[in-house]
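Presented below are the structures under discussion, each in the form of structure tokens.
Heads up, the next two complexes both have chain A, just with different partners, chain B and then chain C.
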Partner chain A sequence: MSETAGAPRLAFRLRRDGLFPRILVAIGLSMLCAAVLVALAGHNPLTAFRAMLAGALGSPYQIGTVLNRTCPYLLAGAGLALCFRAGVINMGSDGQIAMGGIGTAATVLAWPGPPTVITAIAALIAAILCGGLWAAVATAIHLGRRVHEVLVTLLLNFVALLFVQLVLSGPLGQPGAGFLQSPAMPRAVWLWRVPHFYFHIGILIGVFASLALSFLLWKTPWGFAIRVTGRSRAAAAYAGFSTAAVTWGVMLTAGGLAGLGGGVEILGLHHRLIEGFSTGFGFKAVTVALLGALEPAAVIPAALFVGLLETGALAMQRQIGVPSALVVVIEGITMLFILTATVRRA
Partner chain B sequence: MIDFLAAAIRIATPLIFAALGGILSERAGVFAVGLEGMMLMGAFSAVIGAWASSSAAVGLLLAVLGGGAIGLIVAIVTVRYRADNMVTGLTANILALGLTTYLLHILAGTAAIQVDPLGPWPIPGLSRIPVAGPLLFSHPPLTYLAVLGCAGLSVLLFRTQTGLLLRATGENPEAVFVAGADPQRLRMIAVISCGAIAGLGGAVLSLQQVGTFTDGMTGGRGYLALASLIVGRWHPWGAAAACLVFGAAEALEFRLQGFGIPVSSYVVQMMPYLIAIAVLAGLGRSTKLPAFIGKPL
Partner chain C sequence: MAALLEMRGIVRCYGKLRANDGIDLDVHAGEIVGLLGENGSGKSTLMKVLFGMVPPDGGGIVFRGKELAGHRPGDAMAAGIAMIHQHFMLVEAMTVVENVMLGWKESGWWLGRHAMAARIRETSERFGLALDPFARVADLPLGRRQRIEILKAVLREAELLILDEPTSNLAPSEVTELLAILRRLRQDGKGIVFITHKLPEVMAVCDTVTVLRAGKVSGRAPVAGASRAGLAGMMVGRDVTAPQILGEIAPGPIRLDIQGLSGPGLGPIDLTLRGGEILGIAGVDGNGQLELAETLAGLRRATAGRISLDGQEITRATVNARMQAGLAYMPADRSSTALVRSMTIADNLMLRDSRRAPYRRHGLLAGRAGLTKAKALMQRFDIRAPSPATPASRLSGGNQQKIVIARELDRNPAVLIAHQPTWGLDPGATHFVLERMIALRDAGACVIYISSELEEVLSISDRVAVIAGGTIAGIMARAAIDMPQLGLWMSGRAA
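For the complex of A and B:
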């Protein structure tokens, strides 16, 4: 697909702006829609929402679960915020997270000698490289052959998910497990967990990365180049910023972070590579990037919100039988409201 | 060999419907990333309709309405509110996935919904021709409809006044306005129709092929349809040909295993996506989009 020159890309402004009240209104409206859906199913919406809150925040362990769930969304979403700011619609976080998971698992399982903390660090670096590599494949096809980035990244997602199954059915698989999964990883490479809450330190990595990206976006020349490119490619070209260089930069950053999200998920939560562990994460990342108004620092509360909703929804399903897919509906409706509320008029 | 080609046609049919819808939408200037969600909603509505009423016709009607509803949402958000086409399409896909999963659990609980799949309608006389008969004239009804759809859309786009206005909306909406038509209205209608037609594609998957609905059963076919309409250069027959190629790639899976060729089934499953990427990259810079696509009015 050829480039549509001058088409308004995601129309967020160059400077920080007062989107947050509108986003809160969007969340409120979608909650209202969700309440109607719960009522249609014959349940009391108030009871359902109370069960959700209790399920997400009722005990230290549950709060820890929320934080663990938030982690990959935050890492991938913060990178996407950067991509979208530059007008690069990267929809490939799913695949980039999956490749990060493969990189991590391969490093740990192939590690010569006894596994140590060094192994874990090397595995996370491998995750960043693999995620970045997958983003690089997409970027090379997009820029080199003028295929639209949305299409390339989406199609590559399916290839990456199948690739996980391929390596699990072969070199990284655990024979005779009955499922497609790798052997369990030694305790030495597990991410450290905070006692009592049981959340792993991935969330700290995520918070640090988001704040760092926010700094890059607002306080550095590179961030300025990103913002100008997203606003107007013509203006960016006139100012001497290369669209290709900016695209490479944001894609590699987002891909690396998404890959790291996959690695953290493996070392922190599952302790093995599992088939389909990343399914749907990429779309959650898009959700939290939009909820955070494409501001990397604001993606932190956005990702926490989604993590809280999802953890709570599972409890709600167990306790009162309202299907947890309600969360996906809430996310979809919220995004629609945000899209209608935040676009530029004329 | 006949089995293989028949499987390719079977797999391509839902893609063809979705691609036809997508052509309408993109010719009018709205990227059709929401095809996946439109198909999914159509697949769901078809099975629920046929299950509740014991009538396949009601199922098909609901598939058109369900897909059209997702189309309406995309149309309002992109055309009326001028939002980004790509992200809106993706959001529609997420919404459709959530809604269908939620409603399926509410309506059916843990029980699987089973309806009779649409049977083949052999065309009298023609279906008895050797080779061509079983291959081309012994299909279930929606497969013939897909072929009719290609012909119909070709005529509509390239032989009628409406088609000319529609194409102009994607190329040069000001000219449409000067000609006395309303480009915004045309875009809305095109995107809603896109949803309705893609919804029929979903019905092929659920009602015609398996007779049940499972969560997220479209599994990326909407994105393949999107790729095939680009490969087919926004022409109905071209897109249908591309769909058949992707269908053949997927049909290979069963054949290779049948011949005992030692290729991992996961690699074979990747083939449609890899071929799509390769063909898109091969066409590369020569592809020409409608000039005004993705731009708000």
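For the complex of A and C:
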């Protein structure tokens, strides 16, 4: 990867890195492996792939499903790309997404008066604040006590997930539901869905946020500080960039965006807070950030790809009945191949 | 006698640039060949081709009568070629023996540390390496670490040693010892390629020199009988060894005032600098030079004392505030502090100025203006590279250093702290940099010039201070230089 003051167009940057051919080879190889696995499981790979394709792209509704699934990965992943660029290994998206969900649910359920669009906007802002707050806790511990950021962010994930359980069995819970979940939210706060496709506008927020982060990274002095800090802490200090300030900046940005991802997921998809709604999202976000070569704008196609793969694989499981473990294996293999093809060589 | 190494017509291109353009090089057994040339003339590239780190685009290599082609570093080592890298490939937490055995088939399946230690002692004695097999690498000074690399080469029966600017980060006494080691290696029949920009070193050990210019051999001569001026002339086409004559000092107002400055490994230090003055700081490396420079630049915190610049106290000011106040700093550590090697020349030129015009406009990075500025600086400071968008890592060592110099001088600083600023520069570029420092001084700025290169310090300083054990052992004016006294100060509390 090379960087310039002029920051040439993204397409150019990607092309110069020779990514496209390598990605194609990686996809081809992973398809081959998946085919072998499906065949070993006693199914016809061709039927399986057809089911997968149809399940992901077969109808407007399916496409909408892909986009909805992509949304939290994209929001969290773009923020992570920024963190990783600064050399801050934030593994706390899971928790930050969960906190965003709590913020959203609490705002809607505690809203005085009849819920309106304003309620939804306030709920999303609350999601950003809660996600940011969770990142802030991690950052404060990391910088204040010099605990490694991976450790802090990872451990806080567990706390956040338990916190969701706590609020659901207490103030935000729906008594007698049998599950840990909140009461359903009024229609007035649901995110608007594009007719026919049924995807909610979260994806647009995600695309906008990623493009904004890309702009920030390449076109502003702050982005420059992030890139320098990620390459060499010593050079950043010499340049007069405060590592602490950069760390706070990227952590709060990533936390806020992950929180927003949680809020969007609640208001757009589930319409209630559910226990474990965000489980595993954080790691998908990491994958997506790496797939996108830490380029926020490139996280968009990366997240779409993962959303597509997941939706398709689930459809394949439903339609031809391959075991669900196989689906996870295929997902994993594909990501491994693509990561191997895309990570920067030292 | 057939040559140990024959390189014929070596060509290596980087894009359109012909970094090596048909170079011949012969090295005989028992011969030290000095490889000289301006920054970017292709010396390192030629050695990388020889060692198999980059494939040549043309030409052939014959080593010990066998053709060497399509080889990688592993093959080169097996054939008997060793390269002493500038960044040593050692595991610091391990001992000398362990480092020697690392990745070497002959150390066998079981680690016979003591048998190996005996061999190390024997070899170390033979070549005057003075290495204790059981010393931990982390505890050894740089000069000793370099000798471990030499030891490894000798033990592995290398017949040809390549040393690419091996003396640039050594203290003068370590340099003398290294040169003595090279002589013993020569006696033992090894061939050596020695790259350096320091003519006295060439005169001291080399048998012949080969001079490169723009990827071609521009001269070849035996050292016996050659004069320093003659060699310099061959290198840059003009004599650059003339001493720098300073004009009369016209002391201005006090610009930098340092009182009782202390920190870990530093001080207390009192220094007062007036405008129009260069204060040279000499001393054996590791005696507080880095601590002093970094404390002044704001990268280390002072535990006591005060620094004021033009009457304004900056003891606790941030790096940025100090820059704003007019303080420039050229760090000695080029690889990770002064430069971000993976970033472009343009990015590196704006490293410390991204928040100021012309790099910033309306709160955004002014990409176009930045590139224009970078092009102008590259021209003015003779930074040789295809374009400002070239990553700094692709530049030759000397050209990388010019980026740092260009950036810091371009700000027109009130006070400049220069730590080993001519490290890796060829004589021509060194001359240019020294001239610029003098121009800065004549314009009323003050310069703190820290270098272990005594000759350089003496040639451009109005006053010379010696740092030893973290404090200033003494200061003398240019007019009253007393070499024995300087020597005493330097060795006084030296580690």
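Keep this in mind: the second predicted complex is superposed on the first by the 291 of 346 C-alpha atoms of A that agree within 3 Å, B and C clash if a C-alpha of one lies under 4 Å from a C-alpha of the other, contacts with A are read in each partner's own complex, and residues count from 1 in each chain.
Keep in mind that, in the parts below, a residue touches a chain if its C-beta (ideal position, glycine included) is under 8 Å from a C-beta of that chain, and two chains touch if they have at least 3 such contacts.
Just so you know, these numbers come straight off a predicted model, no measurement behind them.
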{"item": "First, second, both or neither for A:109, with chain B first and chain C second", "value": "neither"}
{"item": "Chain B versus chain C as contact partner of A:35, first or second or both or neither", "value": "neither"}
{"item": "First (chain B), second (chain C), both or neither touched by A:224", "value": "second"}
{"item": "Greater chain A contact set [chain C / chain B]", "value": "B"}
{"item": "Partner chain in contact with A:159 - chain B first, chain C second, else both or neither", "value": "first"}
{"item": "Chain B versus chain C as contact partner of A:336, first or second or both or neither", "value": "first"}
{"item": "Chain B versus chain C as contact partner of A:239, first or second or both or neither", "value": "second"}
{"item": "Touching partner for A:170 - first (chain B), second (chain C), both, neither", "value": "first"}
{"item": "Touching partner for A:323 - first (chain B), second (chain C), both, neither", "value": "first"}
{"item": "Those residues of chain A which chain B touches in one complex and chain C touches in the other", "value": "1-2, 4, 7-8"}
{"item": "Interfacial residue positions of chain A with respect to chain C in the complex", "value": "1-8, 218-221, 223-225, 227-228, 231-232, 234-235, 237-240, 242"}
{"item": "Complex contact set, residues of chain A against chain B", "value": "1-2, 4, 7-11, 37, 40-41, 84, 89, 91, 141, 144-147, 150-152, 154-159, 162-163, 165-166, 169-170, 283, 286-287, 290, 323, 325-333, 335-336, 339-340, 343-345"}
{"item": "Chain A partner contacts - residues on chain C that touch it in the complex", "value": "297, 299, 318-320, 323, 329, 331, 333, 336-340, 342-344, 346-347, 350-352, 354-355, 359-360, 363-365, 367-368, 370-371, 374, 388-389, 391"}
{"item": "Touching residues (chain side chain B, partner chain A) in the complex", "value": "31, 33, 73, 76-77, 81-84, 86-88, 90-99, 101-102, 105-106, 215, 220, 223-224, 226-227, 230, 264, 266-267, 269-270, 273-274, 276-277, 280-282, 284-285, 287-289, 293-296"}
